[in-house]
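So, here come the structures, one by one.
Look at the two complexes coming up: chain A is in both, with chain B in one and chain C in the other.
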Partner chain A sequence: MRLSSGIWVGAPTLVVALLLPLVLFTNPYNRGLLVLIVIYAVAGLSLDYIMGEMGQFSFGHAAFWGFGAYVSAKLALDLGVSPWIGFVAAPVAAGLVGLLIGYIALRRTRGLELAIVTLGFGVLAWTVALRWRPVTGGPSGLRQVPPPSIFGWEIRSELAYYYFALVLLLVVVFVLSRLRRSRFGRAVRSIHENEDLARSVGVSATKYYVIAFAFACSLVGFSGALYAHHFRFVNPNLLGLQYMFIFLIVVLVGGTGSLWGPVLGALIFVLVSEWLRVLQEYRFLIFGVVLLLVVLFMPTGVFPTMRRVIRRLVERRGSDRDANAPDADDRADRTRAG
Partner chain B sequence: MNWDIVFQQLWNGLLNGSIYVIFAAGLSLVFGVMRVINMAHGELTMLGAMLLFTVTSGLGLGYFTGAALVVILMALAGFLVNRVTVRPFLGHSELVVILSTVALSFMLLNGSLVVWGSEPKGVDEPFNEIVKVGGVYVTTAGMLLVGVCFTAVLGLYLMLTHTKLGKKTRATGQNLLGARLIGINTTAVYDTTLIVASGLAALAGVLIVLVSAASPNLGQPLLITGFAVVIVAGMGNVAGAVAVGLFLGVTEALFGQFISTYYRQGYLYVVMIIVLLLRPQGLFGRR
Partner chain C sequence: MALLETTGLTRLFGGLRAVDRLDLRVEEGEIMGLIGPNGSGKTTALNLITGFIKPTEGAVTYEGEDVTGSPPHDLAGRGLVRTFQITTLFENLTVRDNVLHGSHLDNPTSLIGALTRSRRHREQHAALDARVRETLAFVGLERRIDAVARDLSAGEHRYLEIAIALAAKPRMLLLDEPATGLNPEEAVYLMNLIRTLRRRGVTVLLIEHNMRLITNICTRVTVLNFGAKIAEGTPEEIVENEAVVTAYLGKRRGA
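Entry: the complex of A and B
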């Protein structure tokens, strides 16, 4: 996405995001949903770094999310460390473990095999969280995780935490947009496009992939810490398949390969599953149907589909004014989507 | 050492291992032929168990009639699984198919919870006598379970190796385009693959009720175990999945008896991790 169009869409979106808790989402419960959207958006962005940029898939991503949550919660509860340090320690710890697992897995496996291998690590992590009672608190997890505070004032209310998390989401988006354009980001994408070719021009594929994988793990660990200090508990479910499915939905429904996709996906997932709450026990049954239909009609995701439709409209209107060729970015997106 | 205990645990492990074998064989078959990770495989097994409960307690059918009916119905449903949740999504990225099968598993699990509730349901077994063989207590239902599992897996093996359909199936799994070029109807092969896999999953379901209760929640843990088996064996290798399923079932029981009951569940994953460290592609994986 070009910078100009990014700002034209980004600035109004930001204004809307800032106003939402004051206008539409005014009670604490609804504001809590906004916090959840931001947390899922960060997790989705990190998973999309693996799926969209690396063209790979990690089925153990939720394990890193839960791991980050546990690290930060554990530090705050046992050592009385400030959540701020937890927000740094969680991504560092998740990144280090990601480095190790990425090194083991990415040397030899790619694609669906990698998905299965990472699933294996994820399941193991979940079992450890469930069973290692003295450290993880067993099935009930850890409670009363403290919220972070600024100058002695606790960020406890949903409103405050939402703005706090939103700022961090913006930082994450900024870092990712820079990273994608950096030498490193381009090297990762070149491996995605053609690994043999990238290797032949001297890009050490495994090295770049392991680092990129660890980076994504560290980012999702950060999202996990955000979750732990807002909802103020952690339990083994956070590492399990349930959240893995949620992140998968966030990324694939939103659309891979862009920064907007996962954010939009998080918004859609949280709102739709909330709206379906009125259906009570039929909720997740209908959710499955909706999911299937979305994937059927928008297999590349909501954001890329939306963008294509809007571009087509704009092109049709502007075709007699100036016959501008589609920019390189657009073409790259299309090839990646296909 | 008390050898009776060892043999008892070998038997118990054989029961679990048989379920792992038949479950993982179907999961591995779908991956090997279609390169699809079927996240709904566990729910198909669950559906088999729950439907058996309904046809036996609701319609009053006997165990064998009911089980045969359920397996046939579920095999036919495999055709729908392919046409509704797999085939429409195959042209896109491999991940899209994972998501569509996730959607299917959402629907089946939550639909079943609506229909049957989350309470476990007991199914009447045809016979359940306890026989003492040497110092080992063996149930007749358990013997039936083991016998049917291995007959089914042997049948699958013979089908894959000795029939024309099996040859077509293996050719499609090895090279989809090549198979099409020589005139194999790959659509029909995909249909059959899911019909067989769904039937095997349901068979696992109707056999599970011989040793435990039927519950809508039995699918997910089984899926995880199934993945552990196919990871150790190597994805897509059906024969490997059979050997590993059996081995893991038996050693898991021995581990539970002699090392730690508490960490028994963790045993599978520890083996899995060791294999992943040494051979990420699995014991029988290619590459």
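Entry: the complex of A and C
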């Protein structure tokens, strides 16, 4: 069931994803939106690792995103380092900082307290990026960040960068899905489910949570580097709360605890945001309302709700007898929302 | 040498001596009962031994080594595993996943193996899955393997809790009121389960209110009142003990 449903959802999605820039998103601007969807999807997946897998919340997640973007941009601009090395250096650097912040925060704090501690860190990081002109370029940031190139050919066009980023998104989804069922993934999940019980069977809660947190930071740092080398600039706003809210919308609208959720959330966010472009800053007003409606009527997010409805339809057709018996996923989804 | 020993174990909560200079010795292969009226410090003692809270004074020795203040996961790694008074499960997971997640210490798979699904990984995981089934069969939950934990009956909850603890491969198991909420037949089943564990070489420390369970399976019993030990001996000696009767029922009139 799990495998087959994965293929049935995954294969058509992939085909659609490959065809999109050739059919619907044919001009460079629209293709740029596709790149943004992929970048937000990676960021959303990383935030959902904290929210869905760890059951925690970090308000400093965008700071790691911006940090990753700066690291890669800085290396390329100041040291002439290839963006490919930046794509490795950014997640490593973000992961190391994540390890430090995680170690400070996660030894004692969970839940709301952790959200506040990470919020403090995020605001601090944003302020540093804004003020430390010699390094960060101050409010205007850094420009002319070079694109990556393969065999002397620059991945500069939206189309090429989209396919490039899409491949990396697939790798991320693949790794995350395998990670869930690994010893590490199960340890993290067990702490989320019941920390005392996890400790009593030998799971070091602090160790696994710090590593899991750093992993999520590392992943979002990677997403930040992808952003920097495509849009070719970085500025302090990348570390700020605006992007934090974007990632939050991506995760909550798409659905936590499912790999397709944040991907779908990123798609919805970018497209709706584009349709509402005329409203400028008031867009977030609309998003506030959308978020409210989703949380009220689809508390598990769009993707899990869709999956449940489809499963129910399939089951009803399959056997009328069992149609009213809620399945395990259904219950798990509802629990997570509560 | 005792497998587990506490010397002068004390824990203050404000002015309250929750556990008061407790000396406890559990020999390898024993089923030691720990009883006492409500609030006498049994669960606090267990929390102190397993590292969930730190003692104000005193020491815990396990396998001849001082383990005072060691964190719970370290102790679990050394085979000292507990259950909880209020049934504690991974409620949203299936019965199988509950035991699988409890098998952290018994899971040999590597991260690289999990990512690549190497042949070695698949073999290791299949063997682990077989052990999970074995453990579930041992506690009688094999038929419920795909049920979600929260849907189990009270009795099944308790058995699953024990299965999770067993997945951690304990040398010594500390059970905190495992019979609470069980009907008489289920309690008998639990009793036989604990007996079988002992035969398999697991040492047991059992906190329980069910005196039938205590007198039937414990080799020795320690009685706490107001955090301090007031009696120790075989079950037969304990039920005759004047101090114990007084602690539970109050002083006999005119005595």
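One rule holds in what follows: the second predicted complex is superposed on the first by the 310 of 338 C-alpha atoms of A that agree within 3 Å, B and C clash if a C-alpha of one lies under 4 Å from a C-alpha of the other, contacts with A are read in each partner's own complex, and residues count from 1 in each chain.
Just so it is clear, a residue touches a chain if its C-beta (ideal position, glycine included) is under 8 Å from a C-beta of that chain, and two chains touch if they have at least 3 such contacts.
On a predicted model such as this, the values are computed, not experimentally measured, just so you know.
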So, A:R283: does it touch chain B (first), chain C (second), both, or neither?
-> first
Is A:G202 contacted by the first partner chain B, the second partner chain C, both or neither?
-> second
Who does A:E193 touch here: chain B (first), chain C (second), both, or neither?
-> second
In the superposed arrangement, which partner chain does A:L96 touch: chain B (first), chain C (second), both, or neither?
-> neither
Touch count on chain A, higher of chain B and chain C | B
Is A:S182 contacted by the first partner chain B, the second partner chain C, both or neither?
-> second
Would you sort A:L296 into first (chain B), second (chain C), both or neither based on which partner it touches?
-> first
Report the residues of chain A in contact with chain C in the complex, numbered from low to high.
-> 175, 178-179, 181-187, 189-190, 193-194, 196-205, 328, 331-332, 335-336
In the complex formed with chain A, which residues of chain C make contact?
-> 50, 52, 71-74, 76-77, 81-84, 88-94, 100-105, 107, 109-111, 114-115, 117, 146, 148, 150, 164-165, 167-168
Quick one: which bits of chain A touch chain B in the complex? Just the residue numbers, please.
-> 51, 57, 104-105, 107-109, 111-113, 115-117, 119-121, 123-124, 127-128, 131, 241, 245, 248-249, 252, 256, 281-285, 287-289, 291-292, 295-296, 299-300
Touching residues on chain B, where the partner in the complex is chain A = 31, 35, 37, 84-85, 88-89, 91-96, 98-100, 102-107, 109-111, 113-114, 220, 224, 227-228, 230-231, 235, 262-263, 265-266, 269-270, 272-273, 276-277, 280-281, 285, 287
